[in-house]
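Following this line, the structures themselves.
Two complexes come next, and they have one chain in common, chain A, joined by chain B in the first and chain C in the second.
So, the complex of A and B:
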């Protein structure tokens, strides 16, 4: 294998080796169809939030509100269920809140020039306040229609429903980023915003649209997570934030240019998902799991940087 | 990039190495919680592990640090990995009903400690949280002569804690001369620091003697945080009571400061009961009931034999 191929496929090979390692350690459990089914389900919401992060990182910005948006959307949906509203109203309403919240992030960043770290953290905190207020701080799990539960549970021809969501969402995002003019504009903005502005690209509009899509995807992830669990807590989406960006960073190690890509992000999600799942199955102590996961993320990104510097 | 392959490969090797201990002989029991950082949860798990060692079980403990999605995933992993039983600690299984249903369908018995009854679990061992709240609230109200101003530290996301809050609500209705002047939803984890910060603000917002007479803490850690704030502010005439029988809270009660009482839940006893029942279940028997209660005990200066100056 040439050095170029090794650079390009190294992270993928590492993922395969990881799977082989866990398969040897726990052949009956890790490599079983039931566990593969579980893994796909466990990775889905993270994959969608990480895709939102990927889109925003493509324009060289950060969205720290993704987890908060996910929580708020799920809470709104369950509150509406509690008031007797149907799935067909509650789900679009929750998604709309995510999109509007994301667009507001975009306006703060593109129109008012507020750094995305600050703008999205502030708005995300506001969203979390609404989620807290609406839920009353309690777990909500009553009055959930069966139609909603089927959004993220069960299987079609043996493939988990959440697997179809991964394919649909990530497939569309990858297509948009690589095959459309909008995607090319985003990459141009991320590559050099000043040059993109001088070239006459509609930066403000594109940034707002990107954040709106990220908000919508985060809301979708929150709804799917709520469907999978059958319950909602006002903080449920917050733990998605750091693993989502970790997945994007790991994914950049699989990109020839070091830029975020949807495929790379999926690989990052898969690596983090398999690490946690595999270590749980083989019985690694929880503190060791945390240390190893952190070390692997750090090592992967550091080696990429060292490699690029050379 | 080949180095990153090596790094990830190393992870696998380490995983294999570290797992050797967990693959020892005996029944495999997965203990899973989102709240290991809470002292009470840790106490229950330690007691369960000690009892499990007597039964020669292999126990894997997983903490998801408040992450309910990860909690659901780890329950799935435990089911898939062929655990002989799953023990959920400090959580209502209804929050992950699908995963608990799947464990039941796979023939893996699920029991909860400090959780809630559920059709798909075989046993919940807990304290009667309403009684805990009632006992502590009555004690606290008696301490201030059944009149004055209180502040509440609560966390309704936990079903047991919510029951205690309902007991306070009922007591407030029955005692109209007691007013709740402020409340705070405690952040978990980080509950002590969060509660201290909230109490700092409450003290500033309610200055003067008698503005706050008592702190009602849904469990001891927020009470400990409130105690720190009261000490730092030098405020007198405020009493605190909590629930759990946290060792630090008991030391504070002995120290004759603002902390005057706690209700011990008997966490160790809960874990012992759960382990004993699980031993019966693993041997092919059934639990005595689908919910069992551990005894509760009010701990005060008087019960501790402490005389304050």
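So, the complex of A and C:
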């Protein structure tokens, strides 16, 4: 195998080895259909948030508000349920809040030139304030309609519903990024914003749309998480932020130019998911799990750097 | 002081360098000339310790040396000066010269006085006009080049390697730079100069070598260094000046009426006819680039413009493109290319919606993109391996042609070109000039902004000279001469 191929497929090979390792260490528990079902369910929300992060990183920006958007959307949805509104109103309203929040990020970045790191951190903090206020700091779980619960629970032909969400969301995102004019423009903006502007691309509009989509996807992830858990806390989305970017970074090690891709991100989500799940099954203590996950990210990115230096 | 014998380097199957031998003595200036991709960069990297030869020997002062890293070469007194080597913008000249060096200390604290004295001593010798205490961000580009030079010399540099040191400088600043370089040489410093500007090599170098396909194909001794001979050795032919006359009966395509924008602070008046090439010549910052950017809609402007008789007021490059204006911006790495994307991506991006298979569905058809790329590549005589290779893998001249190819298969009305041959070798330059003439011959109005006086004379049917934010004079073909252009472009301070 050539060095380029090793570079490209090294991450995938690492993932396969990881699965084989856990299957040998705990054949009954890890490789069982029930655990795979469980794994897919655990990965779904992270995969969707990580896809949002992938889109934003394609234009070489960051969105630190993804977790906060997820929380706020879930809180708004449950507050509306509490007031007797139907799923058909509550869910679109919650998604809309995510999209509007994302678009606001985009406006701050593209129109006012605020670095995305700062703009999305500030706006995300504001969103988390709203989530806190609307929920009153309480856990919300009353009067959740059955229709909402079925969004993320159960299975169709033995495949978890959340698995279909992964396929749908990531499939569309991958298509948009690789096949459409919009995706081409995002890659151009991320590759060289100055050249993209001089080549006549509508940069301001594209950046705002990208952040809006990221906000909408984050909100969707928040709703799916709420549906699966059946309850909502105002901080529930926050732990998604760092693993989402970790997944994107692991994913970039599988792309030829080091640019983020949806497929790479999915691989990154799967690696981190399998790590945590497998180590839990094998009985590794949680603190060691954290250390190991951090080490994996570093090793992946380091190997990539060493591979590219030559 | 430097002696190379039998240096070879191969990458896979390609011989980047084959059996190169060179000697350079103290205070000597050697010109290194060759087309893009000839092996100049590899040779420089080997001398600078950034790459190691597969065979051959390097000797310094007669002793064989082996450079394991750039650090070893640095310790031996070898300094490579890149024209865009970063300076810390907020640091002044003295601090920039001390980057990476041990600071002189006094009672444990950094001794600024000793630093300044050390730098001032060298500066007095080579660049007395340089302000040592001004943060480099406020220095003009030419003086930032002096700082880079000063930094290299002040830290015991014995051999300077300069790669295109004047590519970004207008002729007048280049002359100042060479004065500084001359004084550096008089201190006994040896210099290797790499440049596509062959007249500069001829003026400045004692000797020159021409490299082609990794080998030295010609050597020129003292007194023999002539541009024509070097071009012949590279396998090119000397180009001629434009003899075309402006056809004033042709319709005016673009009319500029009292436009100010950016550096262009005095209202500009200019009309360009169909089929005409007009050169915009002047120093950097004289307003010529700002005028192009205004017509391209890339910067805010005020005034009035007309395109083919109708009002034209672009507020973005997107609007300019929609009205049949095309542009090849200056600084292709920063403003033109997507280096990590492939050639087809780079070609089709600005007019991507023209490649839809199903009308209305914004999904480009890869096959028709590729087909159009092949046609356009042929038209601009792009040399490449594979349409899917990354733009970064092309040589400078081919990268520039790649940007030209964007507009090759559509009918533009106005073509804007900003420094179209910057950092491009002689052969590619000639091709690009042919392309430019062909674009004009198709009935387009062509505006070429350039800091290269000879290029302005060669390309322009008329030449608009810019000085201090405005057009000072528009020369016709018959009136223009090198001296007249320089006199008109020279700013009052420098004159």
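Everything that follows uses one rule, which is that the second predicted complex is superposed on the first by the 310 of 310 C-alpha atoms of A that agree within 3 Å, B and C clash if a C-alpha of one lies under 4 Å from a C-alpha of the other, contacts with A are read in each partner's own complex, and residues count from 1 in each chain.
FYI, a residue touches a chain if its C-beta (ideal position, glycine included) is under 8 Å from a C-beta of that chain, and two chains touch if they have at least 3 such contacts.
Computed from a prediction, not measured in an experiment: that's the story for all the values here.
Colleague: Touch test for A:25: chain B only (first), chain C only (second), both, or neither?
Modeller: first
Colleague: I'd like to know which partner A:187 touches here: chain B for first, chain C for second, both or neither.
Modeller: Once the two structures are laid over each other on A, A:187 reaches chain C alone.
Colleague: Go through the superposed model and pick first if A:10 touches only chain B, second if only chain C, both, or neither.
Modeller: Only chain B is touched by A:10; chain C is not.
Colleague: Of the two partners chain B and chain C, which one touches more residues belonging to chain A?
Modeller: Answer, by number of touched residues of chain A: B.
Colleague: Check whether A:283 is in contact with chain B, with chain C, with both or with neither, and answer first, second, both or neither.
Modeller: first
Colleague: Just chain B (first), just chain C (second), both, or neither: which does A:200 touch?
Modeller: Second partner only, chain C.
Colleague: For a test of understanding, state which residues of chain B touch chain A in their complex under the given definition.
Modeller: It comes out as residues 1-5, 7-9, 11-16, 18-19, 21-23, 36, 58, 60-63, 65-70, 72-74, 76-78, 80-82, 92, 94-99, 154-157, 159, 162, 185.
Colleague: Could you please specify the touching residues of chain A with respect to chain C in the complex?
Modeller: Touching chain C: residues 179-182, 184-185, 187-188, 191-192, 194-202, 257-259 of chain A.
Colleague: Mind pulling up the chain A residues that touch chain B in the complex?
Modeller: 6-8, 10-11, 13-15, 17-18, 20-22, 24-26, 28-29, 32, 34-35, 38, 41-42, 45, 132, 136-139, 141, 149, 153, 225, 228-231, 233-236, 239-240, 253, 271, 275-286, 288, 292, 295-296, 299-300, 303-304, 307
Colleague: What residues on chain C touch chain A, complex-wise?
Modeller: For this pair, the touching residues of chain C are 296, 298, 316-318, 320-321, 327, 329, 334-341, 345, 349-350, 352-353, 362-364, 390, 406.
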